[in-house]
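The same chain A turns up in both complexes below, where it pairs with chain B and then with chain C.
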Partner chain A sequence: MFVSNMRRRLLVAAVTMMASFGIATVSVAQNKPPLKIGFGMGLTGGMAANGKAALVSMEIWREEINKKGGLLGRQVEFVYYDDQSNPSLVPGIYTKLLDVDKVDLIISGYGTNLIAPAMPIAMQRNLLFMTLFGTNVNAKFNYPGYFQMMPNGKEPAVGLAGGFFDAAMTAKKKPTTVAIVGGDNEFAAMTIEGARVVAKKYNLKVVYDKTYPPNTTDYTPILRAVQATNPDIVFFASYPNETPGVIRAAREIGLKTEVFGGTMIGLGFAAVKKQLGPLLNGVVGYELYAAEKTVNFPGIDAFLKIYQSRAEKEGVDPLGYYLPPYAYAEMEILGNAITTVGSLDQKKLIDYIRATTHKTVVGDVKFASNGEWEVGRPMYVQYRGVKGNEIDQFRKAGPSAIISPKELKSGELITPYQEASK
Partner chain B sequence: MKNNSKFLFGMLVFAAVLGSLPFLIKSEYFFFAAYSVLQFVILATAWNILGGYAGYVNFGSAAFFAIGAYATVAGFKLQLPQGVNILLGTFIAGLVGLGMGYLTLRLKGVFFSIATLALSVVLLTIVINTPFLGGARGVYVIVPRESPIGVGQYIHWLYFLILGMAILSVIVARYIQHSSLGQGLMAIRDDELAAEGLGVPTLRLKLYATTISGAMMGLAGTTFPYLITYMEPTAAFNLSFAVNSIAMPIVGGLGSWLGPLIGALLLGSIQQVASVTLSSTWNLLIVGGMLVFFVTLAPNGIMGIFKKKN
Partner chain C sequence: MDISLDLLFNAIISGVLLGGFYAAMSLGISISFGMLDIVNISHPVMIILGAYLTWWLNEKFGVDPILAAVIMAPFFLLLGIFIYRIYYDRFEREAGGGDSLRGLAFFFGLLFIIEMILILLFGVDYRNVNTSYTDVSLNLGFVNLPYRLLIPCVLSVGLLLLIREFFRRTYFGRAVSAVAQDPLALQLMGVNPVKIKGYAFGLSLMVAGFSGAMLMIIQSVQPAAGREYIGLVFAVCVLGGMGNLMGTLFAAMILGIAESMTSTFAGPSWAPAVSFGLLLLTLAFRPQGIFGK
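The block that comes next holds the complex of A and B.
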């Protein structure tokens, strides 16, 4: 009896101990410090519209991953500061993130000018640095920890302009001349350099090659000068604040050319689409996503559904076709890398990200040695049949026919521009 | 004389306290923040020489700052030593200040201000179209992580540099205030025609002021590329330099060397704290709110409030 009592007590004690150990383990897991990811993001200033949209996408990922138990058993926390779209604030922000906030990982804010000042810090400390839409930032350094999400290919300048020219060369009347125009900014300078290379490849004669100051508001004189050279292709490299003015001016002067468009940033934004409406017709523009049947990256519909349901409330781009899916995909890659590697060892994470083909909502991503996408996928669409200024028409296939690259093509280029713009 | 010794003793204590901080504080970020505040001390002090003493409102602070910064970029590309770059930037900015003075000082009031604003636009266009300076794309100025004096990080070294420059600027500003140059500038501010009638060489004094003010603003920019390590036009010609270099003397009190110092230390620190604790929107709101407050209720700034009490 006594023995049996002893056994029972031992059993109860053992179970209690095991249970309490289990509870303790669980509570330790729950009490694990959060995994902190730090970044600066343009929430005010020139980059704010995109910065805010990127942040919403990243928050969607964070909420999802935390619902699944976080990463390495730790809840993911973002520590971020508004870089005010001002590059001079970036070094201070990243130093604070690393030294004061003690973040586990850093990622970049949005845009080349906000990525570049953080590069030396990431390099000095040998950190993994995933970045959002930088243009050729790593060209001089070839820093192995740098990975960039814009799908322009190993040679971003040539790849980006190349997609436009590939499409333009399918015009009915074979183009022989080109006008290259762009703003005085780093993005246009790089793209124009690429355009010159591609024009040479296609034996196109450059009949106009000029830039305009960043504060230009009236593009009519520029387009009149372009028209005077009578080019078959008009290639513009413009920023979002310039693009609507350029397109309006082209319509105003009745630009006569076979193909008109280029790396006109801003066309991917719902606000610009809404503003221009039917004026978009005929323009060949750079997009990162279009609601065409040929674009079927797994998971992108589900992501856009969640994003769009939150966009209005958060006051960000209601369509989310430009930056948001790529911001989410960046976090997917980072999260998967941490889970697979099983630690926050920066070198191991860098090696894994470099060696792997990542499955994301923007398709398969494989990085080249310079941190750009191994195979680029600059997407060019020709707008057609746009009626009125409602953005809902862009939620369905039709108004943004993809004409390049071949694998995503959903329509043929209509030329000349005058004909296509009707 | 007695006042001078008091001032020099005060500056010595100021230098000793701030100079010892790198040995006491571990956080690198603190020095980034302190650098920004001290940078504004120089800019505000420099602006006050022309704006506060002579009453000529200069909107082109960012241009002079950028001259200093881009002189360093050029020097860095030519592999010149840091000391040479600092001197070069200061000299060129002073020279541009002199040139701007010649061209614009016959203009008065708002016309002079617009002319200084145009200087920023002209210089920005030049930089954007000069590939050697990085053009629109920008240029890297990569520095080692360690301080060249062998103690601490590079940011500590930059902090010592900007601290020294800030102290020098304040000393120069105070010297000018109490010199015949300062008295002449203040006479110009109060009534230029009367001053000229009394024999004050107004144009010459104003030229001195634009040169010294420009050189000091350029000085503030010379170490900036080493701080941000990536120079591009929007960073160098940022509107915040122009706005803060006017706002800080207004908040501190125009027309005396102490006003800009107080304004820069106060407003600069608040901005640093607000931008990382609240948000940049709040940060801008605070600056705007303080400006509205001081311009409407205390036009002579903090110095004015204390003077009234006394």
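The block that comes next holds the complex of A and C.
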């Protein structure tokens, strides 16, 4: 009993001491108001799977930075609203963030469709606007305060499709024809535009060039129509809810082509990998990270470990290979910029971010004058040897052989598709 | 593009398979909207609820989606009766026989609430179920029938015919048909129309649960996936003739075949224009629907 009481007293004393230290720390930070970063994020709706994963990654950064004392001696606070993956809600959200919530900085939500509607607000107020995975949004705006985190290069639409075609053109039988297919959405439209430019560069004859509506359930009629044109390359620009259906349909009709793949968003997601399993074999897909030996960004393993430990509880992608490291890296760049500049002066922050090569968990990032990455790095992998539907096999090198870009290459393209899909 | 025979046949077959599934998705709306005059705009999210429960049953207990559809049936029946009770107390009775606009708001609210519950329970990630028949096709000469579309189509058509016979041959079925026409007359004959409507609404949700299980065989889902089908299910219901179950089946087949043929020969982006163009033409020349009386 005595021992128990002693233990309890010691415990209470320890907790009191810890609490008092904690209160002291907090009180120092509380002398200054929190530094508020505002954004809209798709936490419901079609973009939610990635939107929520982005938020988890950003929260990891926020907790880490606050443990270190915050930024400019102020604790970092996120003020965010669910944009419901609905572009029409975005202007209202950002106006409220700036005029009512009085945030110090704004950053974008996830995706081209949700970034574009916030651009005029950032531009009117000359604000730094860091954005997450927009494809060519700044092409029309030409806003100097825009910085984008997707590694597609100075010409994002061309760069994104270019990596696929660079790899496809290494096929044993030299391709001469291409079928280009994509969804009716902003992202696919940009990518398809890029694909046409690259196809022209490689003197490829476009034998099929069509888009499909967003609620398409069955892709077999589309793939059959594509097959009827007998293309050497089949390029698809699809969204995560479409990609599995497209790949299944290709298998079901026994698609005969040299190279099949494209900017099929979703292949980087664990849920899609799990769903498709061996059906992935032979497909050339767009990834942002693969556990290959050639990919060794400093700090990414540590980040993924923390992210993956939280993912299941949060109900988000358990691997986190697609968006999460880039969302974290975006915050790293922003945090370092604020610390180095020593103020929240938007002009100074913009100048610093543009002039600097940033060290991040996704490697070195240098922005071009249009806010895109100076040097693109769209990563295309060809899936091979995938057995069963377990996602753990993707944690090791092998099933996602990188065939482009050259500096990360870990395997050669196998053709034709039917051979590679075995 | 040359119209080859195999391309044409496969396009028609794909359309029929798709139409069968569309029929299952729209059958519940045909009962609730067409027969009971309840504008259940939350019907697609009920389908997604069914899909998620199918996923959960498969993930936890390894239950096949077809069996899951059977297991879930009583749950959806009771859920439907419960929802109708609230709807009746708050809207039908208070408004003296129906306030469709307020009712519409109620079901809109329900749609968002269920979507939020799904997000809270299952997260926002895509969920799917793999079965032994998911990636297998039946090849009959040059005609290719993927089981992931064939099975939902056959089961959906079977269910629709079963429900049609149930409505035609049973006392309950005839009471449901009667309640849509004249609830007062039904009451004078000693039948409680509220009870009948409650069971019928439960049946419509039961079909939604079944469609969710079938959807899980066809593709992966996320909580907001239902919104994409709102237009489609109402279009099928109106095109087929309100409350006409065979009309629902044929309208779904027409839209499925139109979508498939357009995708194959004209370009997939024209598919909605052709489908809804058909609906507009029908409304212009035959407002009661192709098979409506």
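We adopt the following convention: the second predicted complex is superposed on the first by the 392 of 422 C-alpha atoms of A that agree within 3 Å, B and C clash if a C-alpha of one lies under 4 Å from a C-alpha of the other, contacts with A are read in each partner's own complex, and residues count from 1 in each chain.
The rule is short, and it goes like this: contacts are C-beta pairs under 8 Å (C-beta built on N, C-alpha and C of every residue); 3 or more make two chains touch, one makes a residue touch a chain.
Everything numeric in this text was worked out from a predicted model, so none of it was measured.
Because the two structures share chain A, they can be overlaid on it, and in that overlay chain B clashes with chain C.
By the touch criterion defined above, A:Pro213 reaches both chain B and chain C.
Shared-chain residue A:Arg310: touches no atom of chain B or chain C.
By the touch criterion defined above, A:Phe269 reaches chain C but does not reach chain B.
Touch criterion met: A:Met119 reaches chain B, while chain C stays clear of it.
Once the two complexes are overlaid on the shared chain, A:Val90 sits against chain B while remaining clear of chain C.
In the superposition on chain A, A:Pro221 makes contact with chain C only, while chain B stays out of contact range.
Looking at the shared chain after the overlay, A:Asn241 reaches chain C, while chain B stays out of its contact range.
Touch criterion not met for A:Lys359: it reaches neither chain B nor chain C. One of chain B and chain C touches more residues of chain A, and that partner is C.
In the superposed pair of complexes, A:Asn185 makes contact with chain B only, with no contact to chain C. Comparing 99-107, 135-143, 153-161 or 225-233 from chain B against chain C in the aligned model shows that the clashing stretch is 99-107.
Common to the chain B-facing and chain C-facing surfaces of chain A are residues 43-44, 184, 213-215. The part of chain B that touches chain A in the complex is made up of residues 27-29, 32-33, 36, 121, 125, 128-129, 135-138, 140, 142-143, 145, 155, 224, 227-230, 232, 234-235, 238, 240, 275-276, 279-281, 284. Those residues of chain A lying in contact with chain C across their complex are 43-46, 48-49, 51-52, 85, 184, 210-218, 220-222, 224-225, 228-229, 240-241, 244-245, 248, 251-254, 266, 269-272, 274-275, 277, 279, 314-317, 389. Against chain B, in their complex, chain A makes its touches with residues 43-44, 81-82, 84, 86-93, 95-96, 99-100, 113, 116-117, 119-120, 124, 140, 184-186, 188-190, 213-215.
Every residue of chain C that touches chain A in the complex is listed here, in rising order: 1-2, 4, 7, 10-11, 14-15, 17-18, 21, 115-116, 119, 122-128, 130, 135, 137, 144, 146, 148-149, 218-220, 222-225, 227-229, 232, 259-261, 263-265, 267-269, 271-272.
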